[in-house]
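Residue numbering begins at 1 within each chain, and the chains themselves are lettered A, B, C and D in the order written.
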């Protein structure tokens, strides 16, 4: 199945979803971008250059690890994990970012902007900008700045300017709005490095393309280590980039079930979560440049969202995934914050892995389903990132007294300076 | 078309028409009415009533705040149409809906146009709906004598401007510069040239917005366009001192 | 040169240095350990098993990255970096730890203990223990607990018990003493996972053996990417494990100069630093199980040491490195805290790399020497770890106001709970 | 050898000899003297004077603290030898140096043994110096009639115990259990068996240390060894109440 083989006149559409809804002033910029992307997509040397860069700078290929302890403990399917956490900067976000960095060079632009939620995409973009010598401005919701401070610290030290966005609900979607505002002002020298497989065409296609490196690697790897294709593949879905990245490796394998795991937050009910498809609180709309399922009210104004994982805390979702969901090729499930914390604790203690809170959504769902599967079945989970960045959130979630004490002492020390 | 006649008739008495802007329900519908009374006194020809949206990504800080507060205070699309009906009955100027496409999309194209028409609106400006996606909406609107306003921008190629011109109806909204609403635009020779080109290409009159805030701007625009569009500047005046400041603002434009 | 081909009766000695000085009660345990280590060293399948584990769990091989920007900026030698920071848990420490984990399994022991300074070794050991299902206790100087809190947090969550050692100067050496005390008590079921290539024989040999995976990979990689062997190889030296790991790949290449970079702290002078060989404040002694250069007074009592990098803040040094230094095969240099901060800032901004404070010592020295080298010369630096763990220290060193403010707000929030 | 005779003569009057322990300079040399006076009164046969070391990795918490404070307060090796000279002149019991190998190594083997002899010491106990590394030191010591005390431990194989026995001089220090100084040792049948084995293998008398702290322990040891060694228990008493408590402690052992 080639998702990107668009019907004439339906460029950028996946079924009913996708498209490009941007102010007229960006038309030329988007056309340039589409052309440049088509160029690289059809230039056989580009993928090589990209793969080479990811190998030498980010340590790709990332391995697939077998979680023998966890599998044994759960007593069902054999669980394997694709280790995107081992990438430079700690998540899959770097795949997309380095790809767009190469593209930006071809576009001749010298400045990049990016939105960020968990901070991983901003961290990756700041890193890419340092490496490519671009000026860099990162927009981040003020709420996210507060809950992902370590990433902010590193972004600034990598030379990026980080802007805490005070509008709206001060999370990812508001950071995207700010990026669009910057972009319509500075498009002549600025490339907008969108961080997930959402937004206007060609971003969902382009981000999916760069992230497809995950699935391309994983398909061969899992066959080698598990001796067969996986029966189920789990990935968390914020905007959808890590899921699209991994799922693409298995789209044509009908026997492989693909499961997208959304942020269930406190559970169903408007404002309690960020689940667009698994719960029933979202509907089709057009915002932030594309048509998809959004968490919105009947007037089309967006709902508040809630999740322990900043990177999943988003109103919309990749349009190709919606299409695949409607065609029943991808199943969607929501995972609550409470389930996420439990899954994270279990992974740390049984396997020595610290998945990011985002990735822990995929783990949680796999952990729930594995015991009901047979021992010769195989699960593949995408560990999209590592949890180091989440130390403040995880410490709060686990209510860690040592940590709190440490922070208090540190603060007193700063206060006394 | 109705709008063409309206514009032609208004232009008989002045060099430059004027369109102003109000965010529905911000700070309140009552305040909106007071603003509109002053605008009417100042003799504005059009008013865009912005339907507040939670993701106003093409707007600058002042309108962002206005949208956000209006949404949070519970302003609904239904209320906006009710307000529009009241306004179009009460005032002489013509009223357009301005907003983001999701508002239209969620209602459905026909329902939206029908409601707009029923409320006395004469057209709509939806900046995040590109021509390529506008087909059925524009078609139905035109069939109902509702003008879908298209935008021309300084980054458009000549070829693209021609395409836009073909779709134009009522008037063309010419965006004077890059960026979001609210910033200042230097009305220099380059801008003049661009406006002349748009006027040249456009089969309908041109209105110019983004950064129009002073008498000098209007004087400049009178030479290069058919209408000036004042957005943020009026809201800024209101924020600074409500009716009094807004009156002074229109006074400074030589209109009161 | 086979450093480990000991002369008869001089087992564990490198020239005059090394040996095994432990209480009689550990004799049997050490004999067992030596025998088990010899077994695996001569079992060709073991290295395969080890390499396979490191590949699938830790993402090896780690790449060698070319730092084109930094090289151009400095205007001299071409700089390459061996990326041990990309390992699972964020440093080279995992190489040794997973190796000892496999060994521990063969020994049939169910409990591991480890000292840690920077926390990287403790983090790695806690991870290994989770993965192998061992009980785990980590001893860490109270000063280090304070400056490397994030690592402590993760160790605890990985299931390890972390003990803050209150004796002595409350850093690495005191943690080692506590481990020895635990070991003489619990040797029947406990393996002591020493974290650096120091301490009694067979640890220096064993740790060097597991870490040699760095140099084995790097030698081929640098030839491939730089087209030649490096002219100079830089590694930081705490106990000496990452340096031994990388240097072993080039020991027989006489044209490759090997440079060990020690913690210069505030500069020369007793108590100001942790430089055993580059400065002249150390002398030969016997402590913590082995003979080497120690920072000590004339009575043989150890001096206080000082460094911004907890992982280098140690009184002694790997005995093989002393031997190689005396034979002029390895040059030793000290790098001050101030130079380290500057090097770190430069790396972040020009290359998007965040070396650990320890590794930044090697970067700093390479940065100093590169401009004086010719453009066709090649430098290889060991990036032994990533700097994420150092956020509190780096924020302090850079005097970051945003960070301080964030910590204060966090503390107030905790205070109000 | 001198020590053999001394032990033999002391053993004529009692079943079990006694060795006690003092950390030089902790809490002060004056305090040490007061401790030693009480020990002398109690009739101890040997005293180990521990030379403080900064890395006392074979010691338990109380001795660790004592070593650390002594080192920090500036106690030097020279002072320790001076103190030893004073003690060996003033008291009847025999004095041994106890400490870590680095102290010896830094002085040089011969210089160390010469200084020890000059100070009236009769031997030394260096727990972190294994037999394999002890060659030249032990040889020279023996040549000077200074006894290098070796240790037997419960983890040693029989073969290893034989090797240790061969190197033994003066007496053998039998470590009653795994662990560092200061913990409690359950004096049970298993321990008794081990002590009997050591006594059997050893060509010289055996002293037993680690966890010896009560009269029952001494009664038990009288059946399985030649000497009891009291370390931490005495320091603990001193810490709790100085001379008074230390007297009471030896009283509780039936010695005062």
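The definition used in the following text is that a contact is a pair of C-beta atoms (placed from the backbone, for glycine too) under 8 Å apart; a residue touches a chain by one contact, two chains touch by 3 or more.
Treat the numbers as computed from the prediction; the structure is a model and nothing was measured.
Asker: Treat touching chains as neighbours and tell me the shortest step distance from chain B to chain D.
Answerer: 3
Asker: If you take the chains that touch chain C and keep only those that also touch chain D, what is left?
Answerer: Neighbours common to chain C and chain D are absent.
Asker: What is the chain whose Cα centroid lies farthest from the Cα centroid of chain B?
Answerer: D
Asker: At what distance in angstrom does the C-alpha mean of chain C lie from that of chain B?
Answerer: Computed value for the inter-centroid distance: 66 Å.
Asker: How many angstrom between the C-alpha centroids of chain B and chain A?
Answerer: 37
Asker: Can you give the whole-Å distance between the Cα centres of chain A and chain C?
Answerer: The computed centroid separation for chain A versus chain C comes out at 34 Å.
Asker: At which residue positions does chain C touch at least two other chains?
Answerer: Touching at least two other chains: none.
Asker: Connecting every touching chain pair, does the picture come out as line, ring, star, complete or other?
Answerer: line
Asker: What chain pairs are in touch here?
Answerer: Those chain pairs which touch are A-B, A-C, C-D.
Asker: Under the stated contact criterion, what part of chain B meets chain A in this complex?
Answerer: The touching residues are 52-60, 64-65, 68, 71, 76-77, 100-103, 105-106, 127-133, 150-157, 160, 164, 175, 178-180, 183.
Asker: Mind pulling up the chain C residues that touch chain D in the complex?
Answerer: Residues in contact with chain D: 19-29, 167-168, 173, 176-177, 180-181, 184-188, 285-289, 291, 294, 296, 298-302.
Asker: Give every residue of chain A touching chain C within the complex, in rising order.
Answerer: 55-59, 62-66, 69, 83, 85-90, 126-131, 133, 146, 149-150, 152-154, 156-159, 225, 345, 348-352, 354, 388, 391-392, 394-395, 398, 400, 402-404, 406-412, 414-415, 417
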